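Heads up, the next two complexes both have subunit A, just with different partners, subunit B and then subunit C.
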Partner chain A sequence: MSDYIRRLPVYLLLDCSGSMSGEPIEAVKQGIKTLITELKGDPQALETAFLSIITFDSSARQTSPLTELMLFKEPQIQAGGATALGGALKVLADCIKNEVRTSTATQKGDWKPLVFLMTDGAPTDNLDDGIDALRQVSTGNIIACGAGANANANTLKKITNNVLMMNNLTAGDMAQFFAWVSSSIKASSKSIDAKPGEAIELPPPPQGFVIVP
Partner chain B sequence: MNNNPNISSSCPDISESAEAQLSITFDDAAEKSVEIKGAVPASEFLKKQTLQGKSDSAEENSLSEGGGKTNDNAAQTPEKPDLPAEEELPKLPEPPEEPLEPLSDMEVMEHTASVWQYKEISDDGTEMHSEYHEKHTETGFAGLTGARVRGKKHKHEGTNCDDFFEIAYTDDCAVAVVCDGAGSKLLSRIGARVSSETAAAYLKENLAGLFKARPDVKKGLCEELSSAEFMAACGMIAPLVQQSAREAFAAQQKELEKLCNDERYEKALGRKPVISDLYTTFLAAVIVPLKINGGRECFMACVQIGDGCICALDSAADSEHCLKIMGEADSGAFSGETDFLSEKNSKPEAISAKTRISRGRSDTIMLMSDGVADDYFPTAPMMKRLYLDLCLNGILPMSGELTSGEDPAPIRFRSVSLSQTSVALQYAKQLLTDKSDAAINALWDKREMLRCHSLEAFRMNIGDTPEERLRVWLDNYNERGSFDDRTLVVVTIEN
Partner chain C sequence: MVSGTVLSAVLDNGNTIEYVFTANAPRGGMKHTFFTPDKQYAVQFFNDPRNAADPRIQDRIRTIVGIYNPTISEADGGAVGNTEKTAGYFRQRFCWPIAIVRQPQFGIVCPTYPQNFFFGADASTVLNLKGKDKKSNWFTGRNRKYLSPGERGNFRTMLGTAIGLSRTVRRMHQAGLAHSDLSCNNVLIDPRTGASVVIDIDSLVVPNKYAPEVVGTRGYIAPEVLATLGMDFNDPRRALPCVQTDLHALPVLIYEYLFFRHPLIGPKIYDPRDAEHDDFLGLGELATFIEDPKDTSNRPPDLNVTIQSLSKGLEELFVRAFVKGLHDPSERPTAMEWERELLRAWDKLVPCANPQCEKKWFILRDPLNPVCPFCKTRMHGQITQLIFKSEMRGRKGVYRDKSEAVVYDTMPLYDWHVFSNVHNDEKANTDISAYIAYYNGMRLLVNKNIDGMLSPSGRLVPKGSAVELKNATAFKMTGGENGLLCEVVVS
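Then we have the complex of A and B:
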């Protein structure tokens, strides 16, 4: 009998535009690596969390489909091109629609997805189209992180109320961001009462990150 | 029960059904108080998260009000250019489209079995609860077996078990109470302990008094389900079960006063304790075995506030008629919202909707916390699988011929404990052809032939007493994504 467990789907939306070239994109790659290693050491995350990565530059794509942590392979990513954030949200909406199981009378569906968005610039495509697409699906918690001087908090606020700003794009800051994502996923996958994806209790964001009210 | 309860029946014709189930409600529209477990904001950011989680609408959750309303021009023209100037890089080859063979739950659990850690409960000066607790009583008319174990999550983190249970009996009836303290509340285990102890003691004392003073009550319970005598008898017992919830909550309040005067609690919490620190679910059942026209029947009155499950099974009936769900997860539309015992939801108008009365041929009554119930969802028909699991692992008796063990063999996992012994358990789901309801029903109907798969057939034994076997089973059965505290009370009525 194959059991359907309630998965905690986690989507990472990562900006791979040209401005991320160099240190920032390397830091992102390292961040993903660390994230996977961290989560693989946590039995609660291993049993419940599933991870997907969506990258966007001039267009957006799902680089890694929603995958069991134990099977997750780091995607190949590189920086270049514009910032198709709207497109990324559309891809996210499609992925959620196709990959996340909903509850029925006889089957407990997945927990609502946990979405982390990291971008360093303003969108160069139609963001509203993406937001509209996202409204059609049940998304759970979206946390947007604007990185560096060119990220715009007001733009991110249109997507979600949970906006963090990090001041620069250094490897250290990026590492902190991914460490925070890791502890958020752990907190979420283990919160048995606050069911994962719902009223989750995320750890406080790292120092130097500004929460946009 | 003084104001003429509104009675509805799940069976169209009560008189023709051996398994009539009555649901007594005073006011279905009674407002439900829904609390979100886990909503303890630690900062402004967390507060925001929590508030969002409470919202019913995912769209409201994730999209701010202004979202999607900006004009296209604004969206298309970046407010700030993406710097440095972007150059088109050659596209990376698309990742190879090799659909990965998903891992089975068993493969994942075989791996995580070695990752789970066992940590002793760390002592912060507040009330400590034992690692586990087990209890068994024979009353002459029933066997009461209960056990609770600390969940893997709490073992991994070195925290207390938040579940508690209590069993009791009088000459005429059995009482079982199960409470599951809210996991996010640091002192909820105390609420769970106080509530189960208080409710069980209250029910024991008052039911003993009632049956002694009013012989007509037990007689009334044996009358026709539609008769005034039966209703009057229900009207004597159900209010006691409801009152036990109020007594439990009153005891929580009293306990809180005590904790407030104890500086260790203020130190552990960083503030004075408040009543929500003691929040717990509440499941209580009164079980009265009856002899009606020479046959065995069983009357039950149950109250359930919050998640978990109360159910009754007739071990002699076929799969279609064997199971009654007496109480179900009382959670909100979204998971994560669950009810807790509170002043508001133990008020008469609220608690009546959480009260179930039943009389039928059931001989096995089970009360459990969500740590068990969630592993057997949906409760119908999965509670039949739970019953079979208890049989296969020697916790409930099993009939049929005892032969030597036949495949599939019991599954062994390393226990999350100091000793790290590996414990072999049998799983009814190993015997299912598929995961359909029909497969579970088919398994139930051939339960006489399953003994060859039991631990006994494999010459295995997980304990010397029923309560030890129940505890070892609770502590060791493995389900992926299941790491909550587990509590199960099983009441079996003697024939």
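Then we have the complex of A and C:
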């Protein structure tokens, strides 16, 4: 019977450039751990959410392929290098093309993927190439979160309308970000089809985060 | 504000209550929740301050906490006709708001769920579930396999869960209240014992009060509500949550408890281009029951246990709910009908002869073909049925059937098996009146606590003595007033 359950693909795009060294990257690792634990405690998320992680520094790669939560292994990540955000979007587009099942006349397809992007700086490669690649695939919500003083809201706005800014790169802020990602995934896995074509209602972001209008 | 800060809220009656602020407070569609320092109560506030400030919403919630409250006796300000006994009964089965918060903003106070609705440390060996609440879909979906066998219950406890839930929904509907968001998230269950508790009571639809703007939860929203979701809230064609939409959600939950699958989610593709739209149609306008007797387009190829494996009465109710009633709300069976049929089925439960059978119990539908539908094991030995009959008022010696039971060793019998005017409901005494014992090749009905029980020949059967259950005999459960006649059929 489980064949008829649709998957909710979730992609996390995480900035691992040199400026993330030290406390921020440790906080990201901790955040991923907490995220997995949290989602495994929610029956709907556990049943529907599949997670993938894409990291980017001087280049971008899929660190963890789209995997069900029970089998998900935390990726080995470290900080260093530049900020290939455009490359990350290209990798994301490829992964969605390869991993997300589309509906056919005989098979139920996956839900539209949910994408969370976190970056602390300006892209150092060609962002427009990445945006073009992403336009070719179907995504549900893309939420971009700019962290710290060097993140640029206007740049992120080119990728998606949903942009959040967090002022600091502290471990506390990072933990709040991952907690918010977790509640967003939980909320999506519950209300996913309420109105087709409408944006999923995500919970309000934590205190200290600013929604960029 | 820092998580862990203790804040103070002022209640409607002027008292104050303390609660602990947490930055990532658990958040539902409408409200977020904090707890009192002793965790005995939840203090809940609206996510949207406009809702909190809306006098129509406040007015509705005040009536829910007050005159519609089935968890407080009438004498203490609760619902009319509510005794302390029934109030106590429903306190175990509803997480009903008990007070209104006035400051810092409008909110409610609810008791926290009883401890048995939280997982313990040994609930799973592969997941850390300690302290998580027991949402129904832990037990009915594919997550079930991650739970320790001791958590999962069996067919009997799941049937008991369904009875308890239909009774609580019946109690709400009896007062004209509709829950509006009955779902796996808002019904917590404990399959070990068959207990259930209904939560999120504040979005009830109250007669003649401003309707809550709740849509419901995927999989439990009535098809007509989903199909008209895009229309304006005030459009007369738009279907809003009401008693009839609860009567869709209720059998979805019951079906999930009994079969561990969703009644509408099958292989049928409604829109191959778009998953979201496919679901919108498949759970809404075009929804098709996976066991529809005529339309098999949504039927999974591997259905072994079906509604035909239940009692005839339950089969008919499911057909009414999910075939006729799926797109015609007026056809849906009431919660009272569900409660009654589930109770009838309960009296036909028998233990499976196969000790390895995961379900342990099944409803014996055909005494001539006593086979467990789950593991296909055949029962050995004869089947003994009891038919309880009540004497018609003013027509001495004329009886009509009240209920039937299939006996098994150690089966308990209660007041509702003894008296024609007692029913198995929240008012009934749940002490065992009599029980069945298989002894030296005989099947005995042992009188535990009945005054005036009579043997087939009319002799008094004192407490501690028994009647042997022989085919085609009949005896009075009590010769006293309203006593039932018990007929024995052995096949």
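One rule holds in what follows: the second predicted complex is superposed on the first by the 203 of 213 C-alpha atoms of A that agree within 3 Å, B and C clash if a C-alpha of one lies under 4 Å from a C-alpha of the other, contacts with A are read in each partner's own complex, and residues count from 1 in each chain.
Assume a contact is a pair of C-beta atoms (placed from the backbone, for glycine too) under 8 Å apart; a residue touches a chain by one contact, two chains touch by 3 or more.
If you're wondering where the values come from, they're calculated on a predicted model, not measured in any experiment.
Overlap between subunit B and subunit C is detected when the two structures are superposed via subunit A. In the superposed pair of complexes, A:6 makes contact with subunit B and with subunit C alike. In the superposed model, A:110 makes contact with subunit C only, not with subunit B. Applying the stated contact rule after C-alpha superposition, one finds that A:180 touches subunit C and leaves subunit B untouched. By the touch criterion defined above, A:168 lies against neither subunit B nor subunit C after alignment on the C-alpha atoms of chain A. Once chain A of one complex is fitted onto chain A of the other, the partner contacts of A:124 are limited to subunit B, with no touch recorded for subunit C. When the two structures are aligned on the shared chain, A:98 is found in touch with neither subunit B nor subunit C.
In the superposed pair of complexes, A:204 makes contact with subunit B and with subunit C alike. When the shared chain is aligned, subunit C comes close enough to touch A:37, but subunit B does not. With both complexes placed on chain A, subunit A has more residues touched by B than by the other of subunit B and subunit C.
Looking at the shared chain after the overlay, A:160 reaches subunit B, while subunit C stays out of its contact range. Shared interface residues of subunit A, touching subunit B in one complex and subunit C in the other, are 1-3, 5-6, 41, 43-44, 46-47, 70, 105-106, 108, 111-112, 190-195, 204. If you check the complex, the residues on subunit A that touch subunit B are 1-3, 5-6, 17-19, 21, 41-44, 46-48, 58, 61, 63-64, 67-68, 70-71, 75-83, 86, 105-106, 108, 111-112, 115, 120-128, 131-132, 134-135, 137-142, 150, 152, 154-155, 157-162, 190-195, 198-202, 204-205, 211, 213. Those residues of subunit C lying in contact with subunit A across their complex are 1, 23-24, 27, 29, 47, 126-129, 132, 135, 137-138, 141-143, 146, 184-185, 215, 217-218, 229-230, 260-261, 265-267, 269, 271-280, 283, 300, 302. Residues 1-6, 37, 40-41, 43-44, 46-47, 70, 103-112, 176, 179-180, 183, 187, 190-197, 203-204, 206-207 of subunit A are the ones that touch subunit C when the two sit in their complex. Within the complex formed with subunit A, the residues of subunit B that make contact are 36-46, 48-50, 52-54, 58-59, 61-64, 66-70, 72, 75-76, 78-89, 92, 94-95, 100, 102-105, 107-109, 111-112, 115-116, 151-153, 156, 182-184, 334-338, 374, 377-378, 429-430, 432, 434-435, 437, 439, 479-481, 483-484.
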